[in-house]
Amino acid sequence: AAPITSALAAPAKGLEILGAPNGSTIVLLRLLQSGALSASAPDATFRLWRDTDELRAAIVSGRTSLFTTPTHVPANLANRGLPLKLFAILSMGHLFVISSDASITSFKDLAGKELVGFFKNDMPDLVFRSIARGYGMDPDKDMTITYVRTPMEAAQMLAAGRATTAILSEPPATAAIMMAKKEGRTLNRAISLQDDWKKQHGGLGLPMAGIAVHERLIEESPELLKAMAAGLPGARDWVLSDPAAAGQLGEEKMDMKAPILASALSHFNVVAEPAAKLKPGLVAFYETLLSFQPEALAGKLPPDSFYLDF
Amino acid sequence: MLSLSGLRLRFGAAEIIAGIDLHIGAGELVVLLGPSGCGKTSLLRIAAGVERATAGRVENGFRRVAMVFQDPRLLPWADARDNAAFGLKAAGMGKAERRTIAEAILLRLGFSAGDLDKRPSQLSGGMMQRVAIARAFALSPDLVLMDEPFSALDVGLRHDLQALLRAEVEGAGAAVLFVTHDVTEAVRLADRIVVFSPRPACVVADVTQAPMLASVGAAYEASAALLRRAEIAAALAPPGASPLALAGARERLSLAGKASAARR
Amino acid sequence: MLSLSGLRLRFGAAEIIAGIDLHIGAGELVVLLGPSGCGKTSLLRIAAGVERATAGRVENGFRRVAMVFQDPRLLPWADARDNAAFGLKAAGMGKAERRTIAEAILLRLGFSAGDLDKRPSQLSGGMMQRVAIARAFALSPDLVLMDEPFSALDVGLRHDLQALLRAEVEGAGAAVLFVTHDVTEAVRLADRIVVFSPRPACVVADVTQAPMLASVGAAYEASAALLRRAEIAAALAPPGASPLALAGARERLSLAGKASAARR
Amino acid sequence: MAVPARPLSPALLSAIWGMAGLLALAGAWQWGAMVFGPFVLPSLAETGEAVVRLVDSGKAGPALLATLVHALAGCAAGGAVGFLLGVAGGLAMPVGAMSYPVFTALLGTPPIAWVVLALLWFGPGGGAATFTVAITAAPILFIATLQGMRSRDRGLAEMAQLYRAPAFMRFTDLVLPALADFLIPALATALAFSFKVAVMAEVLSGADGVGGGIATARSHFDLPETMAWIVLAIAVLILADALLLAPLRRRRAGRGAPVPLSAEA
Amino acid sequence: MAVPARPLSPALLSAIWGMAGLLALAGAWQWGAMVFGPFVLPSLAETGEAVVRLVDSGKAGPALLATLVHALAGCAAGGAVGFLLGVAGGLAMPVGAMSYPVFTALLGTPPIAWVVLALLWFGPGGGAATFTVAITAAPILFIATLQGMRSRDRGLAEMAQLYRAPAFMRFTDLVLPALADFLIPALATALAFSFKVAVMAEVLSGADGVGGGIATARSHFDLPETMAWIVLAIAVLILADALLLAPLRRRRAGRGAPVPLSAEA
């Protein structure tokens, strides 16, 4: 773990914070909204990124140095030479198997079933496959997975009754359940992948999403990182204690529907922990990815300095 | 039997053909004479059924109609042989047979073997005209509509084809409606000569005669005589266009010329 | 002064022009006669500088060259007036002025006011030809290359334009190179008549004469005399194409006709 | 044989038939909505309501304007480049032969290859979308213009050469009208693509415009609103096609019955 | 004035110039890679290595084949529909007028609108990609064919009518050769788009093929591999263009110097 090196620095100017389009971003958003960063980054703005290209362009061009992201993204980019560090973990997993088939209650019940997956060969898919292996199942033989690109389409197909079972992330999982309910269909949150993961990894959770920073931010605005470190737990508590207000905030800034986000929050496993503190869980996660697809992390674990502490 | 009765044609407000009756039977060659732009081509197109008259009746009892259009209308992507064989292909004849026939006719019309493979862009004006003629005659039509068909041919070919045409009329009994501006040609070929007025076209003279292919001198005399008839001279060689009346107009033209020269 | 010396043209292996020398000075009208496909158009295109000879020299001392192509080459999207004014526009003349000049010339050539706005697709064959002629003369050129320019015109217009052309040669001193198939026209117009052999073209006769515009009868006599000269008759009206030799060939043609009829 | 009275102008008649075609498309959509349910395809009624909502809320106007600007600016810029290179390629063989595979490659390259580059150069504010549109429109115009140049009438070119028409006049009086037949379909194709590509680029690059609206509606799982955005974009496209290209088509049709360029001598 | 000896055939010459064009494109790429760094554009060398890796590992072959099949099948199916409707539209005004806005709308509709529909109908195994390609190719061919029909030579049609040419012969002997000038650029455009759309649809629908490879490489942030996939797809596209369309172009050029359809009477 690398402690943040302190230096005298002016407030960060024109900081653009990019938020990943998943629910845990709401914590960072709350932090910003609460004014906790107004001293160290007075004119900070917030924007969603929708595609990794957009994120990459923003980082390379220097427009952004602070963003929320799935945890494997900064690890991969750091291994490829972009000086990124993981600052904090915000979500301990938000992957579920949702099904209208009431007989599916545990992972093993998926044997012989058809299901819809998304982001083939990407992190959610790899997590699912790892868990399947853990139960001695071959995801390519013991079940039939058809893939769509994004969780939106998977949720749409579930809600339309065109698919029985799907792997989904939050909040699309909640959205699918709510949409189906409108149509009079019941969808069950059959399996929580993070629970199964935890079981298979000796109690280490699934650190799925967090906050990453560019080295230049560490050098130029240590004050900002300090302010974040100080404010994050409070922001997390606010989100957990007032889902309705959080939903409202998400609707304003994150293109999400307030009721969906609010009811999805309880399935988010929202945390606010320093990356260094969760390093064992992260390493376990990364090693799993490496065992499946080394390219997903550019072939190696990120260096120790990658995990920041506060 | 081709009968046009009470034929009228308008393009918008402009009257082109103002009531024409014309009847042609088998074995008859009728030549149409008339000033440029009077409506001869339009009449042929109506007779061919590719243009609708504004009023009047068209009755066509002939089965095999061929036409030599005023422009050659050849397929640019096909060679001379295939263009000449177009009508035969349309009639369902096999490839080898129709090519043999087309070749024979083209060679008869003065093509050399090497020219058979040339596409229209590689042919001279007169050669294109001959391909269009070959296309029409390959069908051995019983009605042939010909719009200034020999205008781009040299004297030798022209006389040759005139003889060939008369032979078709007399031998095979074809009916021919023939447009030309060459009065001598009209006199050499025609059983009947119909002269049109300037636009809107109506018939100003309808002369039945014996074709004068045999004697060049006689044809010349007859055509001179035709042009001496007042109503025909008025239509084909109006006094306003006589060389004597040119002086004033020429001034205008050279004036125009001067103005343009000044600009250069 | 236009000088063509030792001119040769080949398309691939085929020889089209086999060594021609031709010189034309100001105020001279030279008519080219020759069988269809012999290379007259090709020679004119070389003289105009739009085609390159395979061998030989082209020297053109004239400044304003105009050409009436064998086909009208009008812009399909422009009306008669604008087509006639094309050369003037190319020379940089303003819109109003060039249109006035083009109109005056077209009216002089027998256009009615209503026809000035017509596009080529709405004009008759002879009208298109007249637009092309107007385009050439609007420029008051000092060299005019004319490729069968009057072939689609009626007798009246043709005589009128012949007179006009002579006036341009005699009055304005223009040089004219004129291709026609009409021997009488050649005799009426020419200061000199050059006769080409069949392809590959070479000069078989070069006759200097006085133009016979004035008398139709004299022109007829002179043209008949020309065609009686052996070398000219051989080029323009070869014995093989005389009506007498037709019988055998006609059989072939009607045979072809029968075959096609059988299929229908 | 009197010609029957024609009460409707050809343009009006064709517009009416066009409406009929769009109605048939709407019918197919409604049928699909009924068969597949609202989560695959929302119904016409729902979508219509969403359209009204978007228009009323004042969101539609600025977004459509932004997309229109991206599409038209990109189409114009790229189209101009493609057109000019096409003309140049028609005049000088090497230019055409060199550009052809390059434009084919550009046309076939998924935008993924340059999205980041475009974002770097032009920023996320719509510049990237405009660039992506331009790079799509250029090859369409280039390929069509090149073919048009190759198909042009040499006889007319010869005539113009003889009369020493200056280059600019040859371009305006000969080349351009002759190219119209090729430019009209190419422009129609490029314009329609421009809208699609602009919208998709906006979705990907997080710009505003219709693409931004669609991205939001999709993350709201609001299918009727998604389709409403698309319907609005298509409506603007058809309007743009009618306003910008129909005059060209009318002018071309106004040449009268198409004839060979130099017919009937 | 002897014509200088020409040692190179026009086709070869144009292929050489084409190579030069692609080299220039590669040069621009390399320059971009140097200026913007590996996170924007990987270098040619890195990409080349990735190409070799993909080919050696045996991944490239099947993926390229799958994409080729999606692209060609979709292009052929959609192109045929567009072509036939275009011909019909040229013969019967209502067909053309009805179809025109429908095809414009289809061309302008972002695939988002029917991704799910296509998945439902055709399944994720490439069917959806083929469908998306078809729906892109059809309007391109339709618009061009319709214009070609409208621009065709009435004089020749009249001639064929007079000689009572049967409908099929008119189609093969008159319509088709006259349409060639319009079909050649439309086919080139449609083919290039087919590859791009097939790849993007594969990315979206999770199918295999190049799109699958790109999706994976992208989620790995493996830029050289992403570009390698794109380069491979473009290579196949240029090959397909050369093999499928060049014969058409040569045949068209073989008509000799283009002349007006009925010139020099």
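Residue numbering begins at 1 within each chain, and the chains themselves are lettered A, B, C, D and E in the order written.
Basically, a residue touches a chain if its C-beta (ideal position, glycine included) is under 8 Å from a C-beta of that chain, and two chains touch if they have at least 3 such contacts.
The structure presented is a predicted model; accordingly, all values stated were derived computationally and were not measured.
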item: Contact-graph distance - origin chain A, target chain D; value: 1
item: Magnitude of the superposing rotation for chain B and chain C (Cα, nearest 5°); value: 180
item: Greatest separation from chain C - chain, by CA centre; value: A
item: Centroid spacing, where centroids are CA-atom means, of chain C and chain E in whole angstrom; value: 47
item: Computed distance of Cα centres, chain E from chain A, in Å; value: 40
item: Centroid spacing, where centroids are CA-atom means, of chain B and chain C in whole angstrom; value: 19
item: Whole-Å gap separating chain A and chain B, where each centre is the average of the chain's CA atoms; value: 85
item: Contacts with two or more other chains, residues of chain C listed in rising order; value: 41, 69-71, 91-92, 122-125, 139, 151-152
item: Shared interface positions of chain D, touching two or more other chains; value: 36, 40, 112, 116, 120, 155-156, 203, 218, 257-265
item: Multi-chain contact residues (two or more partners), chain A; value: 56-57, 60, 156-157, 160, 162
item: Touching residues on chain A, where the partner in the complex is chain D; value: 21, 47-51, 53-54, 56-58, 60-61, 152, 155-157, 159-162, 172, 175, 179, 183, 255-257, 260
item: For the chain D and chain E complex, residues of the former touching the latter; value: 13-22, 24-25, 32, 36, 40-41, 93-94, 97-102, 104-105, 107-113, 116-117, 120, 139-140, 143-144, 146-148, 150-156, 181-182, 184-186, 188-189, 192-193, 195-196, 199-200, 203, 214, 218, 226-227, 230, 233-234, 237-238, 241, 252-253, 257-265
item: Chain A-facing residues of chain D, complex; value: 36-40, 112, 115-116, 119-120, 124, 203-206, 215-216, 218-223
item: For the chain A and chain E complex, residues of the former touching the latter; value: 52, 56-57, 59-60, 73, 76-77, 80-82, 117-123, 146-149, 153, 156-157, 160, 162, 293, 295-296, 298
item: Touching residues (chain side chain C, partner chain B) in the complex; value: 11, 14, 33-37, 41, 63-64, 70-71, 88, 91-93, 97-98, 101, 104-105, 108, 110, 114-115, 122-127, 130, 137-140, 147-148, 151-160, 163-164, 167, 171-172, 181-183, 213, 216, 220, 224, 227, 236-238, 241-243, 246, 249-250, 252-261, 263-264
